Each structure stands twice: as C-alpha cells, then as structure tokens.
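Input: structures, listed below.
Heads up, the next two complexes both have chain A, just with different partners, chain B and then chain C.
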Partner chain A sequence: MRPSAMLQLVFFNVTNGLIIGAFYALMAIGLSLILNLSGVINFAHGGFLVIGGYLAYTLTPYLGFWGALLVAPFLTALIGFAVERLLIRRLYGRDPLYSLLLTFGLAFIIEDGTRQIWGANGLPFSVPVALTSPLSYQFFFITGYRMFMVATVAIVVGLLFVLLRYTRIGVRIRAGTLDLETVAALGVNVRALRSLNFAVGIFLAGLAGVLAGGQLGLEPTMGDGLLMPSFIAIVVGGVGSLTGTLLGGLLIGVASGLTAVLFPSASEAVIYVMMAIVLLVRPQGLLGEEGMFT
Partner chain B sequence: MIKKLAGFGALDRRTFVTTGTALGLTQIAAPFLVSARGDAPIKIGLDNPLTGTYAAVGKNELIGIQLAVDQINAKNGILGRKIELLVEDSTSGDAGTAVQKARKLIERDNVDFLVGNVNSALAQATAQVSSEKGILHVVPGGHTDPITGTDCKWNVFRVCNTTRMEANAVSNLLFKTYGKKWHFITPDYAFGHTLFQACEANLKKLGGTVTGNELTPLGITDFSAYLIKARSANPDVLLVLVQGNDMVNCLKQISQFGIEKQIHVAGTQQELESVEAMPPEARVGVWMFEWYWKQAAGTPGLDQFVTDIRKRSNGKVPTARTWFGYVAIHAYALACEKAKTIEAKAVAKTLADMELPSEIKLQPNKSYFRGGDHQLMLSAFIGELMQNGDGDPENLFKVNDIVAGDSIAPSVDETGCKMNMPA
Partner chain C sequence: MTAGQQRHLAVLAAVWAALLLAPYWMPLFGGYTALGSRVLVLGLGAMSVNFLLGFTGVLSFGHAAWFGLGAYGCGLTLKFVGASTPLGLLAGALVGGIAGAILGALLVRRRGIYFAMVTIAFGQVFYYIAFQWSSVTGGDDGLRGFARQPLHFELFQIDLLHNDVSFYYFVLICFAAVLAVMASILRSPFGRTMTAIRENERRARFLGIPIELHIWIAFTLSCFFMAFAGALYALVNNFADPRMLHYSLSGDFVIMAVMGGMRTFWGPLLGAVIFVVLQDYLSSVTVNWMSFIGVLIVLIVLFFPRGVLGLLPQRRTA
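Presenting the complex of A and B:
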C-alpha cells in the first residue's frame, strides 16, 4: 500500500474512532454516574439501552423518529427509576457484590423480557432519510446520522456537565460522589438523590439505545457488545471522574479504529490491552483520583 | 456476554461467582413437556438455542419441529407410538451447557433421538456425546464442513448445507455477473474460515483475485473500520460472510455509507430472519437461501406448510430454519416407519440415501441424505434481495434459480468423510 494511502486510511480511522468513541462515552457516562454515587456496577445498563431502542421503535409510527428520540429515553428513565426504588435501593450499604448479582440477573430478565414482548427476531428500525446518506464521496463513513449522533452526544454531555456544575442537585451529586455520609449529615435526602441520579444514568442508556438502533440491528442482545467497552472506558478514564470517562470512551474508540487498520483481528482485544496497561501504570485511571474505589 | 466478562480484570472473582450462579440456575430448570400422551412414547430431545444471539433462528426451528410432531401424533405417531418432545435451551454459544443438556436428555430422559444445534461448535460438541451413546442425531443448522466431512459419524445426519455447498452455489454467478476482484468480510471462527477458504478456492479456479479478507470478531457492532479498508481496496464485489445480527449490522452500515452504490454487495448464505430485521434500504445484493417459502407455483404441500406455520408464528411466513426443524422430525419418523423399528443403527441405515417425499422436501429438486457422508442434498435458492417485496411485503427475496444440492456438493471423497457404519 502506498504511504499516502496508508496515511489516509489512518486518518479515516482516527476520525471514525472518535465517532464510535463518542457513543461509548455516552453509555459509559451513564454507568459512571450510577457507579460514583450509588456504588452499583450496573450490568443491566445494556438491557436499559435495549429497552430504549425498542421503545423508540414502538413509538416511531405515532411520534416519528424525532418524537421517539425525545420520549423513549424518558420512558426508559422512568423504568430505571422504578427499578431503583423497588430493587436496587434495598442493596445499598451491602457489599457491592449483591447489587452486581442483582443487575447481572436483571440483564438476563430484560433480555428475555424484550424477547417475549417484541419477539426473538430483530426488528427493522429506520432513521430519517435525510440522515442516512454520506456527507461526501471521499468521507463516505461520515454520514449525516453519525454526525447527528456525535452532535447529540456532545449536547447531552455538555448539558450534563452544566447540570452537575451549576445546579444545586448537580453539586449534591458531585459532593455525594466524594463523601456521601457528610452530604447526608448535612440534611440532603440521599435516597431521593440516588434515585434521581440513577434515573439520569438510565436516561443516557435509553438515549444510547435509540441512537444505536439507527446504526445496529435492533434485537434483544444488542446491548451486550456495547457494555464491555463502556466499562473499559470508565476504568481507562478513571473511576469517579466523568471527564475521564468521556476521555476513556473517545480513546478506546480511536484505539480500536487504528488497530483495525494495522492488526484487524486485534481490534476488539486492543481495548482490553489498553485497560491492562492503564491498570498497571496508573491504576486509578487517566483522570481518576487515588483512593477512589480502591 | 459471559465470555466477554472474563476480560474485566478487576471483577474476575465476582464474575466467576455470578456466571457460576447463572449457569447453575439454568441446570435446575426443568424441560417443559410439549406433549406427553400414550403409554410408551418415543422421546425426541431438542438441544438448541432459545436464548442469546441464535434465539431467533433456534425458536423458528422449534416451531417447525412442533408442527411436525403434532402432525405425526395426529396420525397415530411413529409405529403407533406418540412422540414426546423434550426441549432444552443449549444457549447460543456455551458448549459446556450444550453438552450437559445433551447428556441430561440422553442419560436421564432416555431420549431415542436427538436434534441440535444451530451453532456449529455446539453441534460438533453434542455429536461427540450422541455418538458415544449411540443415539441417532440430526443437526438442523450448524454449517461447518467437518460435521459431515472429516468428523462424520454413523449416527449424525445434517439437514442444512455445508459451507462448501454455499460457496459453490454462488461463485460462478458472482464471477460472471459482477467481476473477478473480490473482498471479504468474514466472521473470525470455524464457520467463517471454512466458508472463506471455499470461496477463495473457487475464485482462484475461475482466475480471479482476493483483494482482502477482513476477519471480524463474532458479535462486533461496528463494521466501519473494515468497510473503510474494503472500499479503499477497490474490489468488484464485496462478499459479506458474517451471519445473524452481524449480518444485519454490516448491511445496515454498508447501505448508510452508500457502498452498495460503488461496489457490488453479495454473499453466500442469507437468512430471512436477518432480512426481516433490516430496514428496507439495507436489503441489497445477490445471495443464496437454503430454503425459501415463495417458489414457483405447484410445489406440492408448500401452501399448506406456509398456512400451518403462520398459525404457529403470529402469522409470519416460514423460514429455512422452520423448514430445517420440520424436515429433521419428519425424516426421522419416515425412516423409523420404513425400518419398522426405532433402533438407532437400523434407522440410520434406512435414513442413508432415503429420498424425501414431496410434502416434506417442499422444493422441486430431488432431496436425500447422501449415504456417504449423511449430508442432506438440499437445493440452493439463488437470487436477489428485494427492498419491499414485489407487491407482497413478506416476499423479500426474488428467487432466480433453484439448484439441486448434489450439483453443488463436493463429492464424498472431497469432504474427507470416512463413514464407519457399525455392523
């Protein structure tokens, strides 16, 4: 291969990796929110993603794609809220293994529940025609839909950071991440705070589900392949740091894109290698603080 | 998912515990009895995926099997004995579970006949068990060659075709109509490797070249990096060999990138389950179906079959998978009737080279289990995907040609099968 062609391929894949990374980041930030404040490793996050996608599919005939994009994540968040109230909250204060087991089981229940309701076979989910075509012949992999995805992720993540930085609830969530006991001692209703925070995390999963449905086949196991990269994004970026999670998501996207050019068969393994290196060299993650969850 | 968890270093011990618990629970769950009548029923065990990636195709095979069982029981069963169907979920990819379920069906439930599996690896693993126990076994949907090739066994028969047959069915056509530079997107496991090798061998024989082969991990969600490479290699044809959800994802992304407008997109095996899960714009290319529900008028029994299946699948048409399940049970019943016994060796001998009657084969060409390797000679349905059907939204594939199975199958010698029939 000519060097210029190689260079172009690398450039393509870096850009492409950033696009995919933005998506991983969206999922990972939701996971990270829940992990930080509640100490729950939410294995059912992929399941909530699937619920978001399927709800959007069901709502599209009535609301159109745009309506579904707005409503489905809220409905998913509502389900998440109920799940937190009924199940997850009972396990706070216990060993994290309990909530891990619970969400792990929940993931299976959601997968099979989806299969019962919508059928085992995948469903054809279309995105508006205006978004489906590539922006240019040269950069065929930058489609309107992918740009739209990146823009949505950027807006939502931006809003989330503003919420966490400037609103009372956001400040409480951040404070709770650092020291929940003190926050509770100051009179903040920690139970409500955790419920709300969980719902926000699940909202992001639902949104990721709608966005993923436009790119991937909508089927009950859709979330499985997206869950592990999101966990890795958190570990690489640093547990406890949302900025780190965002960075982690983008990094693993680019890394797997680049490996696909150089060593195609290692493109999936590379993110695990990255995680291993980070854990060895900087166990708290790139932007994580020492002593967090250790 | 379970396999992937192993990579999450910090959670190894927990993962181990959770996975163990989950597996444990599935072991306790009892099979549900589909029919249990008569004094000494003939027991048929199904060890096939009902959960995971292959749940959709596994469930369709189950629907075909149940139809056949009910039809046979309505006509007084096999040799006057009713069939009792025992169903176990093999999972989609866990060979350990599949083998355990096979052992349970054979050793504890004493099944007379075993059916499974959709996944090639699980089919091979469970065939070890059935052959050790001398139980007749039909593989309804695992395509990798060795099952009726180098690993063939006297008790194992296969309904779906081999990867060599798939490659042979479309190679000449693709070469003639689309061109001689081919690029592949191949799933990185046994099925994909053998399928790629078969296609590559055919292409070389025809004088073409392979511009590249992208090996993609099973279950990958994003194909863009591979598609970027494939397009920059500038082939005449892009062959998509991945299956199931991977196929849906890949074709969906191909159509969003507009690649099908620049390069011919095609492949070997295509399944109605996948096509139904794609949005219309992704339904492109030349493919081979192993069976299709809409054929030229006059195929005996076809209309009735479609009607019967619709009643059992929320009005949906049968797929190749439904037919696989249907054929597996009917072929077994027929062989038992002919052999006048259900003793495995006698039935296997009868099944070998037995021609399927028209109401079971449901296709124009002669269809039979070849004696030399126990591979069903089933037709290849070659044609093009249709975006919205021609006036019939359920008809998503235009069948151009139905090629007889024995014209695309390699000879028994070439398969490497050395059949040892016990005396």
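Presenting the complex of A and C:
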C-alpha cells in the first residue's frame, strides 16, 4: 500500500472513530449523570435509546425530522421521569444490586414492548436528503449526517456542561455527586433533584436513539451493542467525572477506529483491553478521583 | 440435638430425596428429565454466583463469562483433545477458573457498583471472542460436533448420551460434590471471614484481615464453581453458544439467587427451579415471555428483595 493511501485509511478510521466516540460519549454521559447522583447503573439506558428512536419514527410523519428530533427526546425523558418516580426512587439507599436488577428487568420489558408496538423487524428511519450527501469526494466517508451527529452531540454536551457549571441546579447536581447528604442538609430538595437529573440522563439516551436511528435504522435490540461501550467509557474516563466520561467515549471510539485498520476482527475487543490497562495502571480511571464508589 | 437442628436435618433430607427421585415425580407434573438436569446445572450456577454475592457481599454481574468459558472449554476439549466426559469437565472448570483468577486480580480493589460495572464489561470480552473467533468457536451458530461420552469403569460403562435418567444422576452427583466443597468452605474459618467482610468490611480490615486477598480467593473459587457448572451445561445440551457468555445470562443467575434468597445456601437453587421452569413454560405459551420475566424481576426487587427463603424465619447462625 502506498504511504498516502495508508495515511488516508488511518485518517478515515480516526475520523470514523471520533464520530462513533462522540456517540458513545452521549450515551455514557447520560449513564454517568444517573450513576453519579443516584448510584444507579441504568441497564435500561439502551432501552430508553430505543424508545427515543422509535418515538421519533412515529412522530416524523407529523412533525417532520426536525420536529421529531426536538420532541422525541423530551418524551423519552418524560417516560424516564415517570419510571424514576414510580420505581427507581423506591430503591435509593438500598443495596445497588436492586436498582441494577430493576433496570435489568425494565430493559426486558422495554425490548418486548417495542417489539409489540412497532414490530420485531427493523424499520428504516429516513433523514432529510440535505444531510445524507457526502461533503466532498475525497472525504466521501464524512457524510453530512455524520457531521450533523457530531455537531449535535457537541452542542448538547457543551450546553449540559455550561448548565452544570453555571446554573443553581447544575451546581447542586455536581455538589450532590460529591456529598449528597450535605446537599440535603443545606435544604435542597434532593428527591426532586434526582428525578430531574434522571430525566436529563434519559433525555440524552433518547437523543442518542434518534441520532442512531438516522444512521443505522431502527431495531428493538439496537441499544444492546451501544450499552457496553458506554460502560467502558465511564470506567476508562473515571467514575464520578463527566469530563472523564466524555474523554473516555472519544478515546475508545478512536481506539476501535484505529484497530479497525490494523486488525479488524479485534476492533470490538480493543476497548476492553483499554479498560484492562486503565484498571491496571490507573484504577480510578483517567480523570476519576480515588475513593469514588470504590 | 435441638429441635431447630432436627428440623434442619429433616428439610435437608427432604431436599435430597426430592432431587434423587426427580426423574420419577417430575413427569407427573409435566416435567421431563432433561429439564431436571438443566435446572440442577443452572441452580449450581446461581449458587456459585451467590457464593460471592450472598456470602462475601461482592456483586459480580458478569459471571456468565466463566459459565460460558467452562462450556466452551469442555466442548472444545471433547471435540479436539480427547473423548472423555471427566476430562471435558476438568478442562472447562480450569479454563473458566484460571481466567477468573487472572481478571479477578484486576478487579478486587473495586467495590460495589464499580465492581459490578467492570465485571459486566469484562464478561462481554469473552462474548465477543466467542462470537468473532468462528473458526474455533463456531461463532454465532455455536459450537457443535461434540457429545457427552460414556463413563468407563473397570467392569462396566454407563451410557450418558442416550439415557437421560443416568445422565441426570451423573449431573446430580457432580452437583452434590460441588455443593459439599462449597458448604465446607463456607463452614471453615475462611468462609466465616467472607461473611465478616460482607457484614462490615472496615471492621474486618481493622482486625488485620487482608480483604483484597480474601475477596480474590472467594472470587476465584466462585469462578471455578461457575465454570464447572458451565462445563456441565455444555454436556446437558451437547452444544455451547455465545449467549452462554452474555451479560443477560449473568443477570438471570443473579435474579435466581435473589429470587430464592441470597443470604441462604439453598435459596439460589429454589430460585433456579422457579426461574427455569417459568421461563420454559412462558416461552411455550406466549411470545411476550420477556415482558413477564421483566415484570417478575421488577416485582421481586420491589416487594420480595429477600427472596422466597428470606421470608422464612432465619436460624440464628451466621
């Protein structure tokens, strides 16, 4: 292979990896928010992603793609809010085993429910033509839609970080991550804070579902393959740190993109190897602090 | 002998009698012997998870990995190395147990949710390997082309393949042997220390107990038991497939343990009986069995977190 061709291939896969990584990060940040404040590993996160995608599919005939993109994540968040109020809230303060199992059961129900409502077969989810064309012939792989995905992720995550940093609620969420008891003692309504935070996490899952639907089409099991990389993004980046989760997501995306060039069949396994290395060298994760959930 | 001990012995005798006579009473309730073997093996898996979860208080949500490694280890040995059932079982247990020991060393410093998350993620590595490496593992179609072999003794041999009942008894003997090992470990000073770590890790540490070492040993033992169960499961089906390594099976094992009662020795077996029979039944009557299982899990978590045996008054022993 000519060096320039190799270079282009590497460039292609790194870009690809960054795009996938941005997507993992979107999923993982939602998971991470919920994990940090509520101590819940949300197994149903992939399920909420599926709900978001399918809701957008149903809404598109009425609202168009852009309307669905805006509304579907909100509806998903609303469902998430109800689930937190009705089910998950009861398990705070109990062994984390129980919330893990509850969301595990929820994932079953959501997958089966999706199949019941929308059918077991995959559905196409069409995005506006303006987004599907490649940007240029040389970089044929960077389609408008992928750029749009990355831009959306960047805007939403950026906005989230700004909100967490500069708004009262955001500061409370961050403070609650560090010491929920003290936050409660200062008179903050921790129950409402957790509900809201959970809904925000689910909103991100719903958004990820709409974006993934446009790229890959819809399937009742589409959340499965995306859940594990999100877990790994959190562990690699460091539990407790949202910036770490973002970094972790991008890193494993690039790593699996690069491996796809050199050793294609290992592109799935490499992210696990990365996790093993991180656990060996820096057990708390890249940006994690020792003592968080250890 | 106190009344409590007598009652305990009576219950034990009843459990073993029920297990011994299962091939004879199960058909009366619409069961079949192969289902009995499956329940026993999955029950052994749930008890192995509970060895760690219920008695050391460490939540591994990726134990299907060791189960599946045991299954593949056994299947590949029978297919490529030697046609011997005991050899297959031994190889399966070793493959899963050693892999567990190695990864366990990476994990022991993590606790609680973090431990659960890392075990889920690591478990999936083996799923992907089994899925991708199709030249060896058969990939998505699963590993075929092996079968349980007759047991050879000096004077006679026992056919396990075609005779479901004799295979059931073979499984039962293996099950009993592992249970004996498990129970004696739990009764030993080491087992007491495991419980002490579960009850109060910080106090145990202050007493000078090397916590990480204990958790690592408990984890490794649990992986060995799990892999042995997996190897048996490969024999039950004469088949191994990647779903045996998937985290959703890990979740099933944890649910069995919780459903039956995770602070009890026998609870997970009872949980396995309920779960496997229910799943078998539901999937034969409705396509929506997943919803039913999901709702069942949610209900158990919300209303019966202590499990069936947890509802009984506890004997006052640790």
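Operating definition for what follows: the second predicted complex is superposed on the first by the 294 of 294 C-alpha atoms of A that agree within 3 Å, B and C clash if a C-alpha of one lies under 4 Å from a C-alpha of the other, contacts with A are read in each partner's own complex, and residues count from 1 in each chain.
FYI, contacts are C-beta pairs under 8 Å (C-beta built on N, C-alpha and C of every residue); 3 or more make two chains touch, one makes a residue touch a chain.
If you're wondering where the values come from, they're calculated on a predicted model, not measured in any experiment.
Engineer: Based on the superposed arrangement, let me know which partner A:Ser126 touches: chain B (first), chain C (second), both, or neither?
Structural biologist: The answer is first: A:Ser126 touches chain B but not chain C.
Engineer: Looking at the overlay, does A:Gln215 come into contact with chain B only (first), chain C only (second), both, or neither?
Structural biologist: Only chain B; A:Gln215 stays clear of chain C.
Engineer: Looking at the overlay, does A:Gly39 come into contact with chain B only (first), chain C only (second), both, or neither?
Structural biologist: second
Engineer: Using the superposition on chain A described above, determine whether A:Leu280 touches chain B (first), chain C (second), both, or neither.
Structural biologist: Touch partner of A:Leu280: chain C, not chain B.
Engineer: Could you tell me if A:Val235 is touching chain B, chain C, both of them or neither one (first, second, both, neither)?
Structural biologist: A:Val235 contacts both chain B and chain C.
Engineer: Return the chain, chain B or chain C, that is in touch with more residues of chain A.
Structural biologist: After superposition, B is the partner touching more of chain A.
Engineer: First (chain B), second (chain C), both or neither: which does A:Glu268 touch?
Structural biologist: It touches chain B and chain C both.
Engineer: So, A:Ile109: does it touch chain B (first), chain C (second), both, or neither?
Structural biologist: A:Ile109 sits against chain C, while chain B stays out of touch.
Engineer: By the touch definition at the top of the document, which applies to A:Leu100: first (chain B), second (chain C), both, or neither?
Structural biologist: both
Engineer: With the two complexes superposed on chain A, say which partner A:Ala5 touches: chain B (first), chain C (second), both, or neither.
Structural biologist: first
Engineer: Taking the contacts chain A makes with chain B in one complex and with chain C in the other, which residues are shared?
Structural biologist: Shared contact residues on chain A (touching chain B in one complex, chain C in the other): 41, 97, 100-101, 104-105, 107-108, 111-112, 228, 231-232, 235, 265, 268, 272, 275-276, 279.
Engineer: Under the stated contact criterion, what part of chain A meets chain C in this complex?
Structural biologist: Residue positions touching the partner: 35, 39, 41, 43, 87, 90-91, 94-98, 100-102, 104-109, 111-113, 116, 228, 231-232, 234-235, 239, 265, 268-269, 272, 275-276, 279-280, 283, 293-294.
Engineer: Give the list of chain A residues in touch with chain B in this complex.
Structural biologist: Per the touch definition, chain A meets chain B at residues 5, 8-9, 12-13, 16-17, 19-20, 41, 97, 100-101, 104-105, 107-108, 111-112, 115, 119-126, 132-134, 140-141, 143, 145, 212, 215-222, 224-228, 231-232, 235, 256-257, 260-261, 264-265, 267-268, 272, 275-276, 279.
Engineer: Which stretch or stretches of chain B touch chain A in the complex?
Structural biologist: Interface residues on the chain B side: 1, 4-5, 7-11, 14, 17-18, 21-22, 51-53, 55-56, 58-59, 188, 214-217, 219-222, 224-229, 231-232, 245, 248-249, 252-253, 255-259, 273-274, 276-281, 314.
Engineer: Within the complex, which stretch of chain C touches chain A?
Structural biologist: Residues 53, 59, 61, 106-107, 109-114, 116-118, 120-122, 124-125, 128-129, 132-133, 247-248, 251, 254-255, 258, 288, 290-291, 293-298, 300-302, 305 of chain C touch chain A in their complex.
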